[in-house]
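In order of appearance the chains are A, B and C, and numbering begins at 1 in each one.
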Amino acid sequence: MIETASLVSPASPVSLVDQHCHGVLRTELGLGTFETRLGAPAAGRAAAGTTLFDTQLGFAVRRWCPPLLGLAPHCPPARYLARRRELGALETARRLLRATGITTYLVDSAADEGTDERSGPEEMASLGAAGARRIVRLERLAERVADVSGGAGSFLAGLAETVHTEAATAVAFSCASGTGGSSGTGGGACESELPEPPAPGAVRGAAARWLAGRRAGGALTDPLLLRHLLWTAIATGRPLQLLPGGADPTALTGFAAATAGLGTDLVLLDPYPYHRQAARLASVFPHVYADLGPALARTGPRAAAVLAESLESAPFGKLLFSSGARGLPELQVVAVRAFTEAVDRVLGGWVAEGAWAAADATRVAGLIAGGNARRVYGLPPAGG
Amino acid sequence: MIETASLVSPASPVSLVDQHCHGVLRTELGLGTFETRLGAPAAGRAAAGTTLFDTQLGFAVRRWCPPLLGLAPHCPPARYLARRRELGALETARRLLRATGITTYLVDSAADEGTDERSGPEEMASLGAAGARRIVRLERLAERVADVSGGAGSFLAGLAETVHTEAATAVAFSCASGTGGSSGTGGGACESELPEPPAPGAVRGAAARWLAGRRAGGALTDPLLLRHLLWTAIATGRPLQLLPGGADPTALTGFAAATAGLGTDLVLLDPYPYHRQAARLASVFPHVYADLGPALARTGPRAAAVLAESLESAPFGKLLFSSGARGLPELQVVAVRAFTEAVDRVLGGWVAEGAWAAADATRVAGLIAGGNARRVYGLPPAGG
Amino acid sequence: MIETASLVSPASPVSLVDQHCHGVLRTELGLGTFETRLGAPAAGRAAAGTTLFDTQLGFAVRRWCPPLLGLAPHCPPARYLARRRELGALETARRLLRATGITTYLVDSAADEGTDERSGPEEMASLGAAGARRIVRLERLAERVADVSGGAGSFLAGLAETVHTEAATAVAFSCASGTGGSSGTGGGACESELPEPPAPGAVRGAAARWLAGRRAGGALTDPLLLRHLLWTAIATGRPLQLLPGGADPTALTGFAAATAGLGTDLVLLDPYPYHRQAARLASVFPHVYADLGPALARTGPRAAAVLAESLESAPFGKLLFSSGARGLPELQVVAVRAFTEAVDRVLGGWVAEGAWAAADATRVAGLIAGGNARRVYGLPPAGG
C-alpha cells in the first residue's frame, strides 16, 4: 500500500477519488505496445532513435511500479514487461490499483463502449476493491444514437432522450471535441464569440448534413452539433467535464459566462500546461472546477511544482485529483505517488514556514484528494 | 510596522509606491461581504459548500492582519470581522495602511466616482499618512461625459477636452474594457490586426450609435470608441495602465508596436497568469512596463515564485510593485508582506549563490519597490 | 575552460552542440552598442532612465565573462568593454568561445549573408576550435532569388532550385516570418486553419504581386508565399527550425499535424515563455523538437527553473541545447554556464531525491547537450 496517509498529517488518512480515468486494458501488452501508452494522449510512436521510456512518466513507472510486482525500482523495461505478462493484465491491475488507496474511480466511457478490451466501471471496482461510477462521453453517445437513427428528427429526439436517460445513472458527462481538444488551436465549438445554445433550425440542418455524409461509426466533429450536445448535457444538471486537449482554457471564458448560474458545474480536465489558467477560471466562476489530472503522473518529480502553481489562484474547494489514466493501471500508481509526495512537500512546506496553519493544510489536502469530488459529483462521504 | 526595511539590505530602507489600487471601502463589512471581496476581481460568490476564505488570499489575510489589530495569527474569520467592526472601517484602514510602509498610493477612480462608499486619494493619503495621486479610469470618464452630452459631436468634443483637462492633474489613465478585460478571450479593442487610431468618421458614427441606444450611466463597451479613447489618452503623454483581465497580453503586441516612440508609457496591470508574457513585452518595447500586481497578495506563499518568473526576462527598470487592492486595506498589508518576503527570498538567494552582486540586489529591490514608479509617473524622489 | 564535465557525472564529459546561433560580430563594440545587443531580439534601446545591463543577461555576462578576459566578476561594464576593445573583437571571441566547450556550432545565415560584419560558419569553427555548419534562413534565400529574378515564373523556379541546392550542404533551414515571429500575435503563415501547401496558381499570383511592389532587398512577408516556402523546404527532408518569436507555438498544432509522417523534423526555436507548450508539442508529434534556446542565458539564475519546466512533458530525446547567440560570444559563455549549472541542479537534484537513476541522468544530460542534435541533424558522433 502506498502511504497515502502521509498527506500532511499522518493521523488523518485521506480518501482518494480518481475523478477522471479510463478503464484498464484487459489485453496483454508487449514492450512496444506498453511504451506507446506512455506517450501523450493522441501522440504517435516515439521518434526514430528515441524511446517513450525516456520521459518523466517512463522514469516514474520504473521507479514506483516494479516494487509492487516484486522487482527492484528502476529495473529495465523488458524485465518489468516480462513480469507483467507472467502475472497477466488483470492480476497486474489488481495488485497495482489496490496499492493506490483510491476509494472511488470515475470511469470515462470514451473508449470502452462496445468492446471487451477495457474494464468498465464494475470491473474497475472489483479490481481496485473500491467504488466506481460511469462518466458518459458525449461524442460516443451521439455517435451511437446516429448509428440507429433514420434521419435528423429521430436522431435529435433520440439524442435528447438518451442524454436524459444517461443522466439518471451516470456521475458526469465528458466532452473533448467541443473544447479545443480536436485541434489544439482553440477553435472548438465552445470558443465562438457566441457560445449560446444554437437555434433549433440550425441544429436540425447540421444534423441532416452530418447524417447524410456519415457512415456507421463516423465521428462527430461538427462544431454546431457539438455545441448543441453540450447544452443538452448542461440541461441535465450533471457535472460536465471538458477536455481542452492542450489548448488554453481561457478560450472557454465565454462558455463559462454563458453557463453561469444554471446549476451545472464545469470541470476543466487535464489543463496542463495551462493549469494556472484553469485555476484562474475556477477562481472567477463559481461553477468552474479545475482537474489536477495526468500532469501529476506525467511530470514526475515536477508534480510538486505543478500542484503549487494550481494552488496559486484556485480556491481550495475547486481543485480535484485525478489520474487521467488511459488503460495502464501504472498511471494510477504514479499519479497517487506523485500527488502524495507533492501535497506533502508543498503544503507541508507552507506549514513549516508559517504560511499556513497545520489544520488548514490537512483539511485542504482532504478536499483536493477527494472531498471536493464527493461534493461535486454527489458521492457518498468517505467511510460512509 | 511591517519590516519593509528587510528588502535584501537592512541598511537601505525602501520607499514603496503602490502604483495601482482602488480606494478602501468606508462601509462596515460583515463576514459575507468581506469574504466576497477576497474573490478574484469580477468573480461572484463562493461555490456552494466552499468559502473564499479557503484561498491563498484568505489564508494570508488570516496570517498577517489579525496581529495588526491585536489578535492572534490565523484566528477564525468571524473573530477578525468582529474586531474589524469594533474598530470601524476607517480606523481599521488607518491601522492596516500605516503598517505597510507604503509612501505613495496611486488610486484608480474606476469605482469611486460620485459615491461616498470608497476613500478617494485625499482620504487614502490621510489614512495611510502617505502621499496619494489619482488615476483616471477612461471608461468612467467617457460615461460621465456621455451623461451630459447632447449628441455625437458634443460628446466627442467634451471627451477630448475632459481627457486633456484630467491629464493636467491625474498621474495616469487606466482602461480595462479595451484590452481583453471584458471578455477574457482576447477580443478587446486593442487586439485587432490594425490597432491604429480609428478614422474620425467611424468614431463619429460609433458615438452616435452608442449614444442613441444608451441610458444614463450605461457602460462603454463599443470596441471602436474604446480604441478612440485609448488613442486620445495616448496623445496626452500620461502613462496608460492597461488591464488584460486574465487574457494573454501578447495579444497587445500590435498595439505596443503602434504606440512605440510616441513618448507615452504603457503599464500592463495585473498580468497573472501571463506575467512572463508581460515581462517579455516589457523587454521588447522600451515604453512597456509590467505590474507585479495583486498576484503577489493573491498567491500567498507562491509570491516568490511569481516574482522570480517576472524577473526572468523583464529589464529590472521595467517592473512595478502594486497591491491592486480593491476596497480592503488588508490587501495592501498582504501585498507588502508577500512582496517583501519574496524579494528577500529571491534576490537574497541569488546573492547567496553568487549569481548577483549584493549591491545590485539592493538597487534592483529599490527600483521595483518604488524607484521605477517614481520615474515613470514623475513622482518626487523618495524622502524628497 | 568552463567545467562542462560537471554535467551530472564528472566522469562523462559531454559534447555540446550549439544547435542555433548567429555569427559573432567582427566589429568593435562600444558601451552603447554592446548594451543594445543585451536586449531581447528585435527590441529597441533601453527605456529612458534604465540600462539593459540591468537584466538577467547583463548580470550574467558581468558574472561569467570578465574572468575569462582576466578581470574580476561583476566588474563595471565600462571596464569590461575597455578590455574587450583592447583585445579586439576576434581575439575576445576566440577566448570566450574556446572556454565554452562547444564542439559544433550550427550558424544561422539570417543576418550575415553578403556582409563582412559577422563571422560565417568557417570563421566560427576557427575561432571556437570546433566544427560548424550552416543553417539557411528561408526568407533571406527567397529575397536573394527575387533580387535576380525577372518575373513570378523565374522567381518560383529559381526558388525551388536554390532550396534544393542549399539542402545538399546546409544542416537545416530556418524561418521566422511564417510562424508568428513577425507580429507576435499568432497570425503567421502556418497558423491558418488550413496550413496545407498553397495551390500553384495562388502561389504564382502572390509571387507576381510581391515582385511587382518590391524594391531590391525588400523583405518577404506575404503569408501565402511564406507558406509555399516552408513547404518547399519541407520537401527536402532537412530539419526545419521555426521561430515563434514570442507567440504561443500551440498555434502551430495544425501545421505540425499537416507535416507529420513526411520525414522532415520541425524544431521549435526559442519558445520561451511558451517552453512548456513547445515541450508538449514535442511530446505529441514524433517529428517535433523543442529548443532550450537563449532563455537559458537570458534568465540567469532562473535557467534551472526553465529547464525543469521543459523537462516536464518533453520526451528526453526531443530537447536540444542552443545558445541562440546573436553576435556576442558572451551569449555562448552564459548559455553554457547556465545550462551546465541548471542540468547539475535539476537532474542532480532528482537523482539525490531518488526520483531518477544516476545513469539515466548522465545519459539524458548527454542527449540534451548534444546527442539529440547529432541524431536530428546527422552530425558525426561526439569524438568521432
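What we mean here is this: contacts are C-beta pairs under 8 Å (C-beta built on N, C-alpha and C of every residue); 3 or more make two chains touch, one makes a residue touch a chain.
Worth saying up front: this structure is predicted, and the values here are computed from it rather than measured.
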item: Homomeric contact chain A-chain B: same or different residue positions, threshold half; value: different
item: Rotation in the CA alignment of chain B with chain C, degrees, nearest 5; value: 120
item: Chain centre separation in whole Å, for chain B relative to chain A (CA means); value: 37
item: Sequence positions of chain A contacting 2 or more other chains; value: 248
item: Chain B - residues contacting chain A, complex; value: 39-40, 42-52, 54-56, 59-60, 62-63, 74, 183-187, 246-248, 272-273, 295, 298-302, 305-306
item: Contact set on chain A toward chain B in their complex; value: 191, 193, 248, 250-251, 253-254, 260, 265, 276-277, 279-280, 283-287, 308-309, 311-313, 315-318, 349-350, 353-357, 360, 364, 367, 375
